[in-house]
Amino acid sequence: MSGSTFGELFRVTNFGESHGPAIGCVIDGCPPGMALSEADIQPELDRRRPGTSRHVTQRNEPDAVEILSGVYEGKTTGTPICLLIRNTDQRSKDYGNIVQSFRPGHADYTYWHKYGIRDPRGGGRSSARLTAPMVGAGAVARKWLAEHFGIRIRGCMTAIGEIEIPRDDWSQVEQNPFFAATAGKTDELEAYMDALRKSGDSVGARLYVEASGLPVGWGAPLFDKLDADIAYAMMGINAVKGVEIGAGFESVRQRGSEHGDELTPEGFVGNHAGGVLGGISTGQDITVNIAIKPTSSIRVPRRSIDLQGHPAQVETFGRHDPCVGIRATPIAEAMLALVLIDHALRHRAQCGDVQVATPDIAAARR
Amino acid sequence: MSGSTFGELFRVTNFGESHGPAIGCVIDGCPPGMALSEADIQPELDRRRPGTSRHVTQRNEPDAVEILSGVYEGKTTGTPICLLIRNTDQRSKDYGNIVQSFRPGHADYTYWHKYGIRDPRGGGRSSARLTAPMVGAGAVARKWLAEHFGIRIRGCMTAIGEIEIPRDDWSQVEQNPFFAATAGKTDELEAYMDALRKSGDSVGARLYVEASGLPVGWGAPLFDKLDADIAYAMMGINAVKGVEIGAGFESVRQRGSEHGDELTPEGFVGNHAGGVLGGISTGQDITVNIAIKPTSSIRVPRRSIDLQGHPAQVETFGRHDPCVGIRATPIAEAMLALVLIDHALRHRAQCGDVQVATPDIAAARR
Amino acid sequence: MSGSTFGELFRVTNFGESHGPAIGCVIDGCPPGMALSEADIQPELDRRRPGTSRHVTQRNEPDAVEILSGVYEGKTTGTPICLLIRNTDQRSKDYGNIVQSFRPGHADYTYWHKYGIRDPRGGGRSSARLTAPMVGAGAVARKWLAEHFGIRIRGCMTAIGEIEIPRDDWSQVEQNPFFAATAGKTDELEAYMDALRKSGDSVGARLYVEASGLPVGWGAPLFDKLDADIAYAMMGINAVKGVEIGAGFESVRQRGSEHGDELTPEGFVGNHAGGVLGGISTGQDITVNIAIKPTSSIRVPRRSIDLQGHPAQVETFGRHDPCVGIRATPIAEAMLALVLIDHALRHRAQCGDVQVATPDIAAARR
Amino acid sequence: MSGSTFGELFRVTNFGESHGPAIGCVIDGCPPGMALSEADIQPELDRRRPGTSRHVTQRNEPDAVEILSGVYEGKTTGTPICLLIRNTDQRSKDYGNIVQSFRPGHADYTYWHKYGIRDPRGGGRSSARLTAPMVGAGAVARKWLAEHFGIRIRGCMTAIGEIEIPRDDWSQVEQNPFFAATAGKTDELEAYMDALRKSGDSVGARLYVEASGLPVGWGAPLFDKLDADIAYAMMGINAVKGVEIGAGFESVRQRGSEHGDELTPEGFVGNHAGGVLGGISTGQDITVNIAIKPTSSIRVPRRSIDLQGHPAQVETFGRHDPCVGIRATPIAEAMLALVLIDHALRHRAQCGDVQVATPDIAAARR
């Protein structure tokens, strides 16, 4: 309601600001009895963590997660799991020059007008740093989805600025600093980013995320459609401006005879639907594209106004990502995991554990 | 949770199936004291209603709305408003041939597997007919938003299939059957649709919707971002596969120095943000694009399977929209209105009636 | 939120006013595949219905329920079930004399001040008539609870005014107009009520409700405790002023060695807990007592004020229950059923279908 | 939903276990701009804290609260406020003897069966220690309610075991270890408690809580009635078995002509309603009584079973409150504050800041 809780049955409540003492989240509704320790969560946080290459913010933050509750003798107890991440590298003096004016394209302006007060240190609550606890919560969700359904979630960057990045080799994603699912593109991307950083500007990106292994039947008619909840989750990630499911905007030009995925006893013939029909999972891969806008904190001087409404020029020094999209892949994966586990539990609530399926079709969709 | 309630403070609970006795909704949380009668709602329903031109389904349904509660002596009382629309033209025999198999691209398959039962008459609960009560609820929301904030919401079709439709004359939108905001394109569109209908196929569409007159400050950080809730609302409309706010997927190619809208004492210089920064309204126009897939119910024969998983060929006769996007403009407008009124009330809950703004900036954004 | 939706997973949204065209509710989240027709619901409505004896309001209302949605070929489809009850006997002129002033002890005063407007016809939204749709929804819940768990819910009146009514013969409950679970008390109660009615006054009552057959484990720690939700449900019934679970206020005087129910391999030895420990069901009977205040609409003249704040005398003629507690038993049973089904689904969501129990204890608690 | 979040608009999400590293809560939805520091919260925690007299548990826990987020330069920012309380005195070996069996009257049994796992250290999640963060959150709520409406909340113990405690001098409440609102009763109570402690047994208690200074109009019809939410909040406090609003169970014996509070131009003549009519505040004092059962952890040996269902004898040594009711007054006050602030915000959402009242009546109710 006030924006800090995600999910209905696997509820994640997020707290903290970029430069406060700590950030974290409380996960309520996690099924009991699942083995869980910090070691299950930390690797995902490390994928998102700043300072891992020269192409992302140089803030040096280990993002070490601590489980404060909800786990007893290495197993979830069904009660709230609190994840705490201490902020350790808070050079808020870096931001001194932006306290009195508003960065174009930044939440500075809207927070100030909504609340009449804002925490300007590192963007306060609007900082992308607040996605770290979600990546942590997502790691818990992914573990459960993998153990119970064999669901696998993965993502990659498919465009940065005007450069299209092929998606032809998933094994490459963790081998380059761009989450590119292709080989041989790294040099071009590095040169591009180096030039961009030198120019003091930033650039947008497009990501692709998918989930495999879902059963048929997750989701709900009308408003809590699986794809509607995915759109909500993705558009809630900092800087996201567009979301597509399956064929997305390509659907505009398609004929029904082309778009509608035919069925055979062996399963669906295509996946323009992106794994969702009528808001409910088909059992195929869930496929999502998202558009991420360029960072608003840039060195290039820009026109703005100060708190009194007078003209002001803004240049942001500090440490910023020239492309926030680079670190967004683990975030998008985590948010997708959080949507899926919530719908897994919702489906189980209404329809029970047993999957309803005629045997042949159940076989066909594997 | 189970998908039939939209909104948190202005809650709309939808019920009904395409060919049951009635459809409708219950609006809970409407502010008291607003003048309201069926005459405020019916015109919006008439815009969405089937049978208005040869380019939409020939189902002949007056969609007459009845207010069952929540209004006393012509004013809202603050208690639930029930809107009822009787179904009158239910030729469900038209659908007989699809009961035993699944239409490619349709929710037939997923409903069946989720629930183990489905109402096949006219698509049952998955029919776009269920958007009618939302258009009704949206009319209530629009009236309140207009009276309290002078907010105006409007939309138009900007592409159908491969035809791009300019957006250069809003006065035309209600003058043609396509919700096209341009003059002189009608003949081309009619010819296009006639040919399509003859071919037995269907086609996708793209719509644009905007809201003007918002104050700064509606929305919430992190998850209940105004744009996230818009994405959720839009992706929840039948057949929508993509949503953009502001620059949308264009943001991928933009530089930060281009995308971030500069501020002057006279206001923002551009609106790549689409009226939302950090999930909170900037006071500029909210701008949204959505992609709508082609109708899955087409006469062109398609491969599918039957309930036993055996191969089956499906052709859908009955009465269907060859482009569901045509009637979707009033729906998208209504859903946007429902998101806005909910955030208006949420903002008022946390921050009170008084807008927080430094005088100069407040002036600048008008 | 605005008060008209009950439950989280089995959500019932109520609408209507006492003298509007109709009252009803929408049930969202009902499990699919359950046989359901009006015949399953009407008998419960008939138990609550006015005009059944001379001891309740003489309003003559058949309260015929119509299922508008969510059922196909006699089975629930998992989509919203709308129950509609037309108001047929609306003699609102009876209430003319109370429009300009406030009945002592009635919601007239608070509605007027909250909303600045109220529907005075028959109490409008504050009428106990609005419990009828809940009794209808409760019938759906009871059917599911009975079929899936063998749960039985029943209630009776245990005191009316200063008369204590023994609870020694459940078979009597439906044999007298007072829901008294005893034989041979009817004459005394009838004489008492006749005298009361003649005096133009009203009186309070106490009810007892219980549920048998629950598994261990429904409920949740901290806030959504099973007993907290029961207290919420019961205190939400019109005129209820007190709720007890198990030993209730008797617990104040008890020692821990007396109150704490001992366990043996054959099961619990007592049930001071009322079937709930730590907010979670023990598998024993859920036992609840509620206190119902006397009706505020009485013929005895009372001091009050009018809308302008001037002194006014109020006498209520019309048709009123001299003891609203008499018709409240089916309501309390229904509300208990609605709490239980919601927790059944919540438990299934988090912990799955399988009951976790060591075999011996599981056997012991039957 | 899973039980750890309280409230809709002023949402408090609680986490932690009795003997884990920390307990705490996240408050989402707090209005921005209110001065707040640990010094506003700590005094309330100190009132509830263990070890303050020989009549409560000897656990020595400072319960020092730390604000982790949501406050900037001494003011609330409108974003989530995380309160953290480290657990420092965790002698969990004290509990070793109860790990293999279930304490009669304790949540041991139900947690084990619900989740198939439980944290037995100090009662884990079911410990009354988890009320500490709620007392902290309540302190934030009380500050806002006092500053915006002049609302004052207070409570006292009115019975312990068979001893009735008069309520005749509020100034005494903080002068004795029993929260007794009377002078000259302390010696009797101390002797009573000393004897009880010596016997190894425990005893129940009754508390009274009230709130003064509310405007007319908070609350909602039907389900989110102010009194229903109070009942929910109170019954959610550990060990509470009964709740009364206003006349409570006394209403059963009352006549309507006695119970219904008359109105005069100077205001209400009585307050049998307890400040709530039709679920909405009347502007009078909200008055609540609650019954608290005796502690289940006692030294007196009791029959029980072990995890395998075999007979076992249980004696609880450790450090326990012989009457949990003693420390419950600040908790009940806090929970009442949390209900009120939530309804304050809900009312503002639907009806705006301006109180709707005819001038005379508004004056009358002060």
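As written, the chain order gives the labels A, B, C and D, with residue 1 at the start of each chain.
Going forward, a residue touches a chain if its C-beta (ideal position, glycine included) is under 8 Å from a C-beta of that chain, and two chains touch if they have at least 3 such contacts.
Quick caveat, the model's predicted, so the values are computed rather than measured.
Asks: On a CA-centroid basis, which chain has its centre farthest from subunit D's?
Replies: B
Asks: Quick one: subunit B and subunit D, Cα centre-to-centre, how many Å?
Replies: 45
Asks: When the C-alpha atoms of subunit B and subunit C are each averaged to a single point, how far apart are the two points in Å?
Replies: Inter-chain centre distance comes to 38 Å.
Asks: Express in whole angstrom the distance between the two chain centres, defined as the mean CA positions of subunit C and subunit D.
Replies: That gives a centre separation of 26 Å.
Asks: Which residues of subunit A are in contact with two or more other chains?
Replies: In subunit A, 1-5, 8-9, 14, 29, 32, 78-79, 114-116, 125, 221, 346, 350-351 touch at least two other chains.
Asks: Quick one: do these chains touch in a line, a ring, a star, all-to-all (complete), or other?
Replies: It is complete, because no pair of chains fails to touch.
Asks: Going by the contact rule at the top, pick out the subunit B residues touching subunit A in the complex.
Replies: The touching residues are 1-6, 8, 14, 102-107, 109-111, 113-116, 125-126, 130, 159-162, 201-206, 216-225, 227-236, 238, 241-265, 269, 272-274, 276-283, 291-298, 300, 302-305, 307-311, 346-347, 350-351, 355-361, 363-364.
Asks: For the complex, which residues does subunit C have touching subunit A?
Replies: 9, 29-32, 78-79, 221, 345-346, 348-354
Asks: Considering the complex alone, what residue numbers of subunit B touch subunit C?
Replies: 1-5, 8-9, 11, 13-17, 20-24, 26, 28-29, 32-33, 66, 68-70, 72, 75-82, 114-119, 124-125
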